[in-house]
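Letters are used for the chains, namely A, B, C, D and E, taken in the order the chains are written, and counting of residues starts over at 1 for each.
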Amino acid sequence: MRRPFRKRSEKAGLPPGTMVHIGEQETEQVRIHIIDYDDGHYQELEAQSVEECFPFRDTPTVTWINVHGLHQPEVIEKLGTYYGLHPLVLEDIVSAGQRPKMEDYGDYMWVVLKALYHDDKEDETKAHQVGIVIGRNFVMSFQEAEGNVFVPVRDRVKNGAARIRTMGSDYLAYSLMDIVVDNYFGILERLGEQLEVMEDRSVTEPEPDTLQSIHDFRREMVFLRRSVWPLREVVARLERGDSSLIQKSTAIYFRDVYDHTIQVIDTIETFRDMVSPMLEVYVSSVSNKMNEVMKVLTVIGTIFLPLTFLAGVYGMNFKYFPEINWRWGYGFFWVINLSVVIGMLMYFRRKRWF
Amino acid sequence: MRRPFRKRSEKAGLPPGTMVHIGEQETEQVRIHIIDYDDGHYQELEAQSVEECFPFRDTPTVTWINVHGLHQPEVIEKLGTYYGLHPLVLEDIVSAGQRPKMEDYGDYMWVVLKALYHDDKEDETKAHQVGIVIGRNFVMSFQEAEGNVFVPVRDRVKNGAARIRTMGSDYLAYSLMDIVVDNYFGILERLGEQLEVMEDRSVTEPEPDTLQSIHDFRREMVFLRRSVWPLREVVARLERGDSSLIQKSTAIYFRDVYDHTIQVIDTIETFRDMVSPMLEVYVSSVSNKMNEVMKVLTVIGTIFLPLTFLAGVYGMNFKYFPEINWRWGYGFFWVINLSVVIGMLMYFRRKRWF
Amino acid sequence: MRRPFRKRSEKAGLPPGTMVHIGEQETEQVRIHIIDYDDGHYQELEAQSVEECFPFRDTPTVTWINVHGLHQPEVIEKLGTYYGLHPLVLEDIVSAGQRPKMEDYGDYMWVVLKALYHDDKEDETKAHQVGIVIGRNFVMSFQEAEGNVFVPVRDRVKNGAARIRTMGSDYLAYSLMDIVVDNYFGILERLGEQLEVMEDRSVTEPEPDTLQSIHDFRREMVFLRRSVWPLREVVARLERGDSSLIQKSTAIYFRDVYDHTIQVIDTIETFRDMVSPMLEVYVSSVSNKMNEVMKVLTVIGTIFLPLTFLAGVYGMNFKYFPEINWRWGYGFFWVINLSVVIGMLMYFRRKRWF
Amino acid sequence: MRRPFRKRSEKAGLPPGTMVHIGEQETEQVRIHIIDYDDGHYQELEAQSVEECFPFRDTPTVTWINVHGLHQPEVIEKLGTYYGLHPLVLEDIVSAGQRPKMEDYGDYMWVVLKALYHDDKEDETKAHQVGIVIGRNFVMSFQEAEGNVFVPVRDRVKNGAARIRTMGSDYLAYSLMDIVVDNYFGILERLGEQLEVMEDRSVTEPEPDTLQSIHDFRREMVFLRRSVWPLREVVARLERGDSSLIQKSTAIYFRDVYDHTIQVIDTIETFRDMVSPMLEVYVSSVSNKMNEVMKVLTVIGTIFLPLTFLAGVYGMNFKYFPEINWRWGYGFFWVINLSVVIGMLMYFRRKRWF
Amino acid sequence: MRRPFRKRSEKAGLPPGTMVHIGEQETEQVRIHIIDYDDGHYQELEAQSVEECFPFRDTPTVTWINVHGLHQPEVIEKLGTYYGLHPLVLEDIVSAGQRPKMEDYGDYMWVVLKALYHDDKEDETKAHQVGIVIGRNFVMSFQEAEGNVFVPVRDRVKNGAARIRTMGSDYLAYSLMDIVVDNYFGILERLGEQLEVMEDRSVTEPEPDTLQSIHDFRREMVFLRRSVWPLREVVARLERGDSSLIQKSTAIYFRDVYDHTIQVIDTIETFRDMVSPMLEVYVSSVSNKMNEVMKVLTVIGTIFLPLTFLAGVYGMNFKYFPEINWRWGYGFFWVINLSVVIGMLMYFRRKRWF
């Protein structure tokens, strides 16, 4: 079962800026991947030590430092301090479970967002925190886990064909955020199919199982909303281009990300609107089915009552009991019974009671 | 069953501006229809190739380029590039499933809206995306399918009688949007009638069928809200006339579209308000009906219980059993039974139990 | 049953400004009533033709042109064109079913509001559209039907005693709107009494009938909200006095109308808040009553079960059956039965089961 | 039962400023109480005629004119006209049932608020309208009924110890409003205790009585919200100190009133949040209890069924019926019955059915 | 059971600034703890009398005056008056049960927040009021009870290692608020675990007990929201740095507190979203379980009905009754019964009725 948040309480009381890694250790080792490029130049290296990142700070080319794994705060701290990041940013980087947010520190911006993926083992949607620092000539990206969400961007930079090589660090940041948001659509499509299945089942198979899955879907929606809603404000602020780090021509692209985010939120809201009456439909279907059963059984019961009474009557021991001695008394008994049954069945049928 | 959104996930990872057609191919061929006019002049042609559109870019007359079918991105791209549209706009044009939106690119505006129609085969409301590019002396309209929604506008231009020939491209764009919104009213009237039928049925025929139709109506409302709500903001921005492309005298007309949009939204909200308690009424009616049945049956059962007991009593084999030997014992038995039945019926009736 | 909106779809595709009368024809003939006055002068006439209104355009006195019936668009058009109204205003005038709104055209303002009345035949609240054009020295009022809602205002002008004769056209417009809003209170009082009756009945008489009336009341509220909510914004804009047509001293009076509007909205919301839990109370009362019945019946059934069993026992034909041959066996049987009944009744009573 | 609003409809059609007393006449006679004070001076008198109030208009000292009873409009009018109040204010003063509001007329401010009290006879919270006119050197307070809500303020002025004597009319107005709001807390405490009782009863005594009291409490909340919510805006505007009538040092005190108002609203909302699930709990408790009863009865019924059947079997008259003739047949019958009963009881107990 | 608010009504009518202690007396004695420090200097003392605090007012070093226990208003008053606090602040300090708020008095700021803790005895979350006065060179903190929530901050100041010694009073205030907010996470984690347990139980153990705990959890959420929501605005105002008391470099830290507050609120909302459908799930589970029982019992009843009827038939005393005299009649009877039972069981099983 998904915890609604990560353990944070252990940090209570520590001074601000204390870098305590919150979250599970998902990779064995912190890996730093560096790509440095401009229009005509492309360099890619896997850093063995954090110090290899330092020279790129002062080059005019765009440098993308991609860090996998956040469980070695000292590495992050060394890197961050050299690049002049605020202690609170460093603290944020290693604390998974942040809400999506954007903070403008003047020389650089600090963006947190959520990469969603479907955990096949537990069959539920999960989120990894992705942190992005946007500097004037560098972009740092921090991922909790060893994901390959950014591979298409790396390939695009490598191939050098797309616009990306001619643009600055803001465009690189846009590309990273864009691909994270684009991945949401896959998640939503999967959930959409799940919703359709559930919708049918809530009418046709009102089993406790279905109840559970409606309930799980609802939780999933609560989780998704929480991961995506704040992103709207984040991207809106980037699009508005308040910061000098975002060039006007790039802001148009952020508007595109904004549109996608709105579309994602819109779809989540639609899902919520569609799932919320499902419980009522389910409950109504259950009671409908139950009622049908009870009605049939009660009708059966009601039919047998006069019959049993009649049988009781002719089992009485009265001395003077004319019918008992009739020749066709027994036959008559069955005739009466049959007419009672047929009469009641017709009556019930006409009343549409079964 | 309507999918809440189009497949988008395949596009994840492609660079921005990549034109991938999203949506079903609804027409066989992309058709381009050109109308060029001003106060005294009218020209209409069916373009065989996209190049035929090019000369109109630099004429002072108003040109309306109406494109049906979006599944040949290369055609759209050629057209768009010549007219100087931004790659993201081109990407949007071929991606059905956008939310209604308006983007101002200075020299032109890009508007997305939804044309609603009733799909008779599946008996549900569907939406086609309509994209409109408003330039200084041209309007491009892009439709997913071969619809005839714009025919009245074309006729008005052709006849040359109405105001439209004397006004600029902004007024043409207004006319196109106005007719799209006006068509919503027909959809709403149909739904309004459906709602009335449903309302009666939820009280008089609380069948599972009715439950399904309430549920479907609710989905329809979710879908409609989603298609129309964002339009409000779109038209409001056009009305406010921030852009130099919209003249002041035309803005008054956009205010009229805005009024209609509000009215449509208002009606949708009213429908929602009216459909939401219907499920409760339905459930209440079902259980009312059920209760009636159960009550009648239980009353019948209760009436037979003492009778059967009495029959049982006189079936006992006690040696010393005075009533058994009475001459009128049997007749007496029936008299007692009758009084019991009548007494209980009167009691139940007085208590209004059936 | 009230339609949530008027037929509008027939107008789709017509050019803007086309005057098609929407709504039912409520009067036989369009009647134009003119009152012209200032501090010392008062003239009243029933216009035979629309041309009689024309001379008043250019006089400095305040002219009130009150039009009943909107089904002759050509009359409205002639009047409007002479007084310089925009084609969209003319279109609005003859289209009933508009939302309350206010549009400032500089030289005049166009206000739409709803006059509510109780239709005794169908026993529901209905709305007539009232359109008011406020010019510098004239006020035009357009009513769908021959109502006498404005009679008190006319009398006040006639008597010349009240402030109204010394004030301008803005004050006349205020008086008209004020009386429309004041009439809402009567409607609300009637509904308030209905609500009280319903509240009692939902507890004491949970019949399907009550369900229907709760449901109808809810619809009425949906309808009222829709008619009155937008008025708030309309009056607020008039009160703010953005337009030069409203003098500062009159704006204070509009604030009073605003207060009343808020009070009306407030009362509607209160009604909504009070009616919404009523369905739950109703359902709860129904099932309470039902449960009572079922419980009593089941208790009766349960009491007879052991008796019937006992009667069955002594109806058995075992050869060696000591009790059968006892002298007081039969008497004993009744004694046992009686104790069983009394014991069970006491037990059930103690458990408060009936 | 509380009416959601006062009769207002009789006023429809009267010119604005017409002073018609709305509300019940709660006192026998209109009483005017005058207190005139400054730092060193204190004068108190019960005015026999309204003219006694006139001289104070032009003195520099702070004058507090406290009027009880609003059913003699002519008195209010004379007073108001002398002090230069707008006709609409005079109309408001005598119309009970206003929403709390504040209107700034430049030279004076007109504030309406609600004094809440608990009507012991009908056991419900009621509201009296309190109107306050804040002038530069006077404060007028108008109360519907002869209340003693303002007595502590009068005493404070009399004693001359507190700050109040050294401050202006704004501080006096603050004191009056403060005491009205402070009285809300007593009302809320009473309701809070009621809520606790109800909460227990909804679980332990799910009687129709409890349903009624939940319902009443909800109505009370609707009523309270309506009386207090608008006050928030009223006090906020006073606190903001837009008017020159409120000195900066007094505005801080209004902030205190604002805080209390927020706290009151907050508590009302909390009550609402706490009472709204109570109905569900109640319904759930009712059906729980009902279910328990039905289950026990049905279990009893189910146990007797096989017994009765067996008794029926041994009552059959087959010629060749071996068991009938066994010596211990009858004893055996009881043994079988006993084992059936015990077996079923054990089964049901294990399944936890009763 | 938790009262939704503290007794306040006793204060009604007292002049503003009257210091009446509201809340329970939680400590024996008011204790004042003083820490005075700057970069190089550290002094800590337990004040025996309030006068010991006075000299620190005029020193340039940062002074932290931490007061435990608020039940001796005269002590608070002496301290506050010397430090120039407004009477309303003093009144607030001793009135527990305030909402979180922030008031800027120019020379100092007055902040109220809630320290949450879990009361193990009553097993519910409780709140203590924490008041903080932020002056230019001093911070006063007022706690209702003897808590050790601030101990980590004191230690950090003492050790002198962290940034805190080099920063001003604003940073100290930040540290105090930060630790209060950080403690919320522990509370939320505990509640999160409770929620998971409850979620399972609402499906598997739908006992009245579970209903109670769902209900309690909901109340807890109402309480938490009320304690934390207003804090958002408080911290936002501090972060915005409107006051000259907050330096720009410290505002960044308040932004961090703001983030945490948002995260706390977000989690509370998530909990609410997750607990609200739980009641429905519970009710649905209860009725599911009940239905299962009733169905099985009714099925049993229905099976016995024809058997009992048959037994009744062969108990009849007709003279001419062929089956009675058959040799294998009795055996036949059992064969028929067996086939009826098996047939019905198969039918019911196929219909999935049990």
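Throughout what follows, a residue touches a chain if its C-beta (ideal position, glycine included) is under 8 Å from a C-beta of that chain, and two chains touch if they have at least 3 such contacts.
As the structure is a prediction and not an experimental result, all values here were calculated from the model.
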Interchain contact steps from chain A to chain E (minimum; 1 if touching): 1
Interface composition of copies chain A and chain B: same or different, split at half: different
Chain centre separation in whole Å, for chain D relative to chain C (CA means): 26
Whole-Å separation of chain centres (CA-atom averages), chain C against chain E: 43
Per-residue overlap in chain B, given as positions that touch at least 2 other chains: 287, 294, 298, 301, 308, 312, 315-317, 321
Graph class of chain-chain contacts, one of line, ring, star, complete, other: ring
Direction chain C, origin chain B - full chain order round the ring: B, C, D, E, A
In the complex with chain B, residue positions of chain C that touch it: 1, 3-5, 7-9, 11-17, 86, 88, 91, 98-99, 101, 103, 208, 211-212, 215, 218-219, 222-223, 226, 279, 282-283, 286-287, 290, 293-294, 297-298, 300-301, 304, 307-308, 311-312, 314-317, 321, 323-330, 333
Sites on chain A touched by chain B in the complex: 151-153, 156, 162-164, 175, 178-179, 182-183, 185-186, 188-189, 192, 195-196, 199, 203, 252-253, 255-256, 259, 262-263, 266-267, 270-271, 273-274, 277, 280-281, 284-285, 287-288, 291, 294-295, 298-299, 301-302, 305-306, 308-309, 312-313, 315-322, 351, 353
